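Chains: A, B, C and D, in written order; residue numbering restarts at 1 for each.
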Amino acid sequence: MAENEALNEAFAGDAAFVPYLAAGDPSYEASLEYVEALERGGADVIELGLPFSEPIAEGSTIQEAVVRSLEGGMTPERFFEFVDDLDVDVPLVCMTYYNLIYQYGDDEGPRPFVEKAASLGLSGFVVPDLPAEEAGPLREACDEFGLDLVFIVAPTTAGDRLKRIMDQVSGYVYVQARLGVTGAKDDVSDQTGASLSRLREWDVPKAVGFGIKTGEHARAVVAAGADGVIVGSALVDIVAEGHEADTPVAETAERLESKTHELKQGALAGAGEDPESRGESLAESEPT
Amino acid sequence: MAENEALNEAFAGDAAFVPYLAAGDPSYEASLEYVEALERGGADVIELGLPFSEPIAEGSTIQEAVVRSLEGGMTPERFFEFVDDLDVDVPLVCMTYYNLIYQYGDDEGPRPFVEKAASLGLSGFVVPDLPAEEAGPLREACDEFGLDLVFIVAPTTAGDRLKRIMDQVSGYVYVQARLGVTGAKDDVSDQTGASLSRLREWDVPKAVGFGIKTGEHARAVVAAGADGVIVGSALVDIVAEGHEADTPVAETAERLESKTHELKQGALAGAGEDPESRGESLAESEPT
Amino acid sequence: MTATDVKFGEYGGQYVPEALMPAIEELTDAYERYVLENEDGFMDEFRQRLRDFGGRPLPLQRADHLSERYDTEVYLKREDLLHGGAHKLNNALGQVLLAKYMGKERIIAETGAGQHGTATAMAAAHLGLPCEIYMGERDINRQRPNVFRMKLNGSEVNPVTTGRGTLKEAISETMRDWATNVEDTHYVIGSIVGPAPFPAMVRDFHAVISEEAREQCKEQTGGLPDTVVACAGGGSNTMGAFANFVEDADTELVAVEAGGSSLDVDEAAGVAPNSASLSTGDEGVLHGARTKLLQDGDGQILESHSISSGLDYAGVGPELAHLVDEGRVRAANVDDDAALAAFHRLSRLEGIIPALETAHAFGWMEENPDELGDVTIVNVSGRGDKDLESVIEETEKRDVEGAVDVGEVFR
Amino acid sequence: MTATDVKFGEYGGQYVPEALMPAIEELTDAYERYVLENEDGFMDEFRQRLRDFGGRPLPLQRADHLSERYDTEVYLKREDLLHGGAHKLNNALGQVLLAKYMGKERIIAETGAGQHGTATAMAAAHLGLPCEIYMGERDINRQRPNVFRMKLNGSEVNPVTTGRGTLKEAISETMRDWATNVEDTHYVIGSIVGPAPFPAMVRDFHAVISEEAREQCKEQTGGLPDTVVACAGGGSNTMGAFANFVEDADTELVAVEAGGSSLDVDEAAGVAPNSASLSTGDEGVLHGARTKLLQDGDGQILESHSISSGLDYAGVGPELAHLVDEGRVRAANVDDDAALAAFHRLSRLEGIIPALETAHAFGWMEENPDELGDVTIVNVSGRGDKDLESVIEETEKRDVEGAVDVGEVFR
């Protein structure tokens, strides 16, 4: 399976931090600033959401971001322009739903979309409604253009399914910390340690997401054995607050940058701990 | 079958006029005046309604009279007081529904009611919801106390039914001029002639009712062979108008008297005509 | 009893205006020929239409949760599944078809809650006869959906403005129409009331309920039921559910009337705050028959009351009155509150929303669990869709045990 | 096709979050064992409950007046008589029972018009499982009676406030609940949509419609129908009515979608003023399956529209999309006006008030009388009681041929 160098490298450090924002939320211009702020805050990889009208895997925070972005005129074409306009050096992963990938380029299946993404330097995809069973055509196109296809492993994933995902995943594996949909929580799921231990053998970096909100969460997750931490809703919340309060874009960008910094530092702190004691460390972190 | 002399005598003249009013409509006192006015106008027999809450054979005019009378506190006991208080010499026939007769005197059947009626000098009954089939007990009580039981013959009555009624009827037979319920109409039914001719053989006086409104109607009906004319709604209308317009009782009584006079005169005019030509005469009178 | 069941003991008879008597004789004749003797295959056609149009046979369903609750076998006769949503179509279809066989050209009927009116309107549309329904003005405004249904089926709905504008007045007004148009019109009466042959004929059309239930019970339980429970307004679902069990001496038959808000009568106001004529009424004559009535000492008919408009009537079928006098049928009653609680209970426990009328039968079971035999059949006379608005309203006024707060979801 | 029908040609599949995949595998396994192989007598119990609780079998009724009107034999498959008032219970009962066999402890479902929600709530009460129904806030306020019914049956009704607050959003929200509580919860999807094995399984539960109809037609007419007509939203009544006729090459199968107010799309507004995905949609992926969708050029899903909320959905079952592509099923559509006129027509002519969804099938017959074979079966998927208020409202806005003025009786 072809891999994208960029993602591999991003996870080469002690503990990677992977923030998510929806492109175009709440406006094209502001969103450019916000995404760039993530890099300044210390992001190692950025997941950039291309909004779909039916985001079945998202909690209300990201659903609302999707609505703001769509109302601001976001489309797949604009998304590619957005990527082109972005001034960041860290690798970008496009997070979207399969129908948008599928429809791009006159119903020819996923290839045109992947080709375009590759031409703009995107590094890979996360597609929450595309399980390993249905991923064949996209996997092929990614291979052809040298992009990564990130899969999610859920707490319920077990047995054959793990193997099926392991065979297809590249870039990193997205370890879903808890059942449910995206959304910031006040504790770290105690399923995390168990989830990670099932994946100990995998030779792909393990990034944990779903519900992570604070630097302390990030620390606990990395201490539990993760190679990286993915945070979406906690950052989108900042965008939403700024939008609602009409805060100047620069100020919101500032807040995003410092939140990113907090999370990245948390992750690094976790990486400094004794891997042997990681299990307990996670237990200690909750309930906060 | 015992007969009551009074009714026989009332029909002995050229053409009898039989008005109806609901006792107690719209008040006990006014109603006494109104009934007495009927006699002054020339009534030969008076049908006095004892109101029942479910008057299924009545049109809206008499239904409303029933409501006024009941709201004024009319009951069977009050009705008998009313009869006692009345200062009229013509025979009175009580028109009511069977349940009131049946309930009077502790569920003993019709006898107590008839006994009481007889003691007050009432001459007979018309009970619209009591066909010949169910009349046995009432007929017996009437025989015992020498009262008449008037039956209605409808336009639909034929064959065996006629015979059954003929065997039971006394006082007079109430010839229903048209199908339907009571209520003043603007024409005389052309069923009247046919109805009467079926009864030619009967040795009881034939009084026609249902829908008769004017002296001209009365004339036509008698000319068609009737021995008498029964009028209710056209008179109740006068009571209702007086009630609604708050007309002084004496004035309404005056109107009732003159209407009665008109109707009685019409009946007498009909009686003066050549019985041979009565059929045509009826045809001429409608539609007026 | 004669073949045509004119009288039931002291009760029954034909107390109607003479103008109607010929029609009643004609109807008696048609009833004897077509219904009792199946002339021209009338009953075959009736049964076939009940099946194809009405959806019969209807199940006798074991109620798992009620059986557990009362520690006995409870079976539901599912008349709520009949086309139109209540047992009423059995009778309406039979009578409209009979009118057709008799050459009548026009159908009239009265209705209270609108269930009999909708059933008659459906049957008339199905058989292609014009139809007019009399309905009290007050009921019209309380039962809008049923008014719409009748009109959609092409019937006229004639508001009755006399009296309190409910069922009693609507029956009187329909009788007046019939007396006027008796030659080409058939009056489809809505329960086992009215002059003979109506009580017997309506019973015969509904007897399919117990005919099916008796067979089904034998098949499913291996024997006859110990108890059959049905609500009783006029009593048509009641006699339909009882008819084929009357000869089964070991089967107890319970007719549950509406106890309303109280069994006391306010004679001065002319009001009985219940509709329990079997339990509390006296013999009298109303709407063509001698039967048990809610009346004052003079014989004036009282205004009845029930939370369920279909039970809200001051009389009851003469045959039922007779069977109660004879001790064959047990008369019981259940008040508004208990009926409402039973409505909620059945909906929640069994996934069947009963008519408020039907709920009275379940209310009786709840209040008398020890009186149930080993196998009890309850006649689910109709579904409760028509009652949703009034149930919500009435539930809000009370503290109903186990009721959900249905309104809370609306913002 | 595999036994479990994961794909139908190009269509179908399992496009769901990974968290759900284990549940979907578990469900596939349960479907194969219990439904396809009748393990533990599952199908026997299902059939028995459909009979006793649901009221099956349901009649195939000759529609005398329509037959005359179109000079052909028209038969009605009376799913409107199923408990709850629509075909929906076939599936809801099957899935809730399956959930019970699987040891699930909680039921969730989405609903649009509320028909699937009420069916699921009834089935859950009947089988004693707690149940939560997701319903768009806008639909909640449009379909109050169905909300009451669900709550009366003891279900929670969860308002969905995202998007336009209709069916599409309710499905998405139910999937989110499922993804959160997948271990003890079964999601009872309401049509032949969603990830495999749902489309095949829902079809199998509804196939009883055509299983009965096929036998009844042979018995009553001596042969197979020439035409079978059914409305299509997601397409569950449709596939239920077609399933057993698919192999009968001479029987034409017509799926009638909602043409709404127009077949044109307003891409800028993201609106398709119709729900005709089979006729006008493009292939895409929504709610777990690849199928025909109403979407813009980018793949964003359009807001659909229909006068009948039960057809108001931007997708359609993958199997139906496939059968249309193959030429086995004919896709047709009928607009709001024609459906409304058909609603009035059937009510008046046959004494059956159909659901507005069902009315589309009758609208197609009226517009294509020459396309009917000698024997036509129409699937009467549901009754119209739920639609009375909106029919009155919509009728007042238009000049509907042959509509009665239902409001005129109120004063």
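In this text, a residue touches a chain if its C-beta (ideal position, glycine included) is under 8 Å from a C-beta of that chain, and two chains touch if they have at least 3 such contacts.
Worth saying up front: this structure is predicted, and the values here are computed from it rather than measured.
Q: Just grab the chain with the largest centre-to-centre distance to subunit A, centres being mean Cα coordinates.
A: B
Q: So what's the Cα centroid distance for subunit B and subunit C, whole Å?
A: Comparing mean C-alpha positions, subunit C is 37 Å from subunit B.
Q: From the mean C-alpha coordinate of subunit B to that of subunit D, what's the distance rounded to whole Å?
A: Spacing between the chain centres: roughly 65 Å.
Q: Determine which chains touch and list them pairwise.
A: Final set of chain pairs in contact is A-D, B-C, C-D.
Q: Any idea which subunit C residues touch subunit D in the complex?
A: Touching subunit D from subunit C are residues 51-53, 55, 58-62, 64-65, 78, 80-81, 83, 85, 121-126, 128, 137, 140-141, 144-145, 147-149, 151-154, 157, 159, 344, 347-353, 384-385, 388, 391-392, 404-406, 409-411.
Q: Enumerate the contact residues on subunit C facing subunit B in the complex.
A: The contact residues of subunit C facing subunit B are 13-19, 21-23, 25, 162-163, 168, 172, 175-176, 179-183, 270, 282-288, 293, 295, 297-301.
Q: For the complex, which residues does subunit B have touching subunit C?
A: Touch residues, subunit B against subunit C: 52-60, 63, 67, 70, 75-77, 97-100, 102-104, 107, 128-134, 151-158, 161, 165, 176, 179-181.
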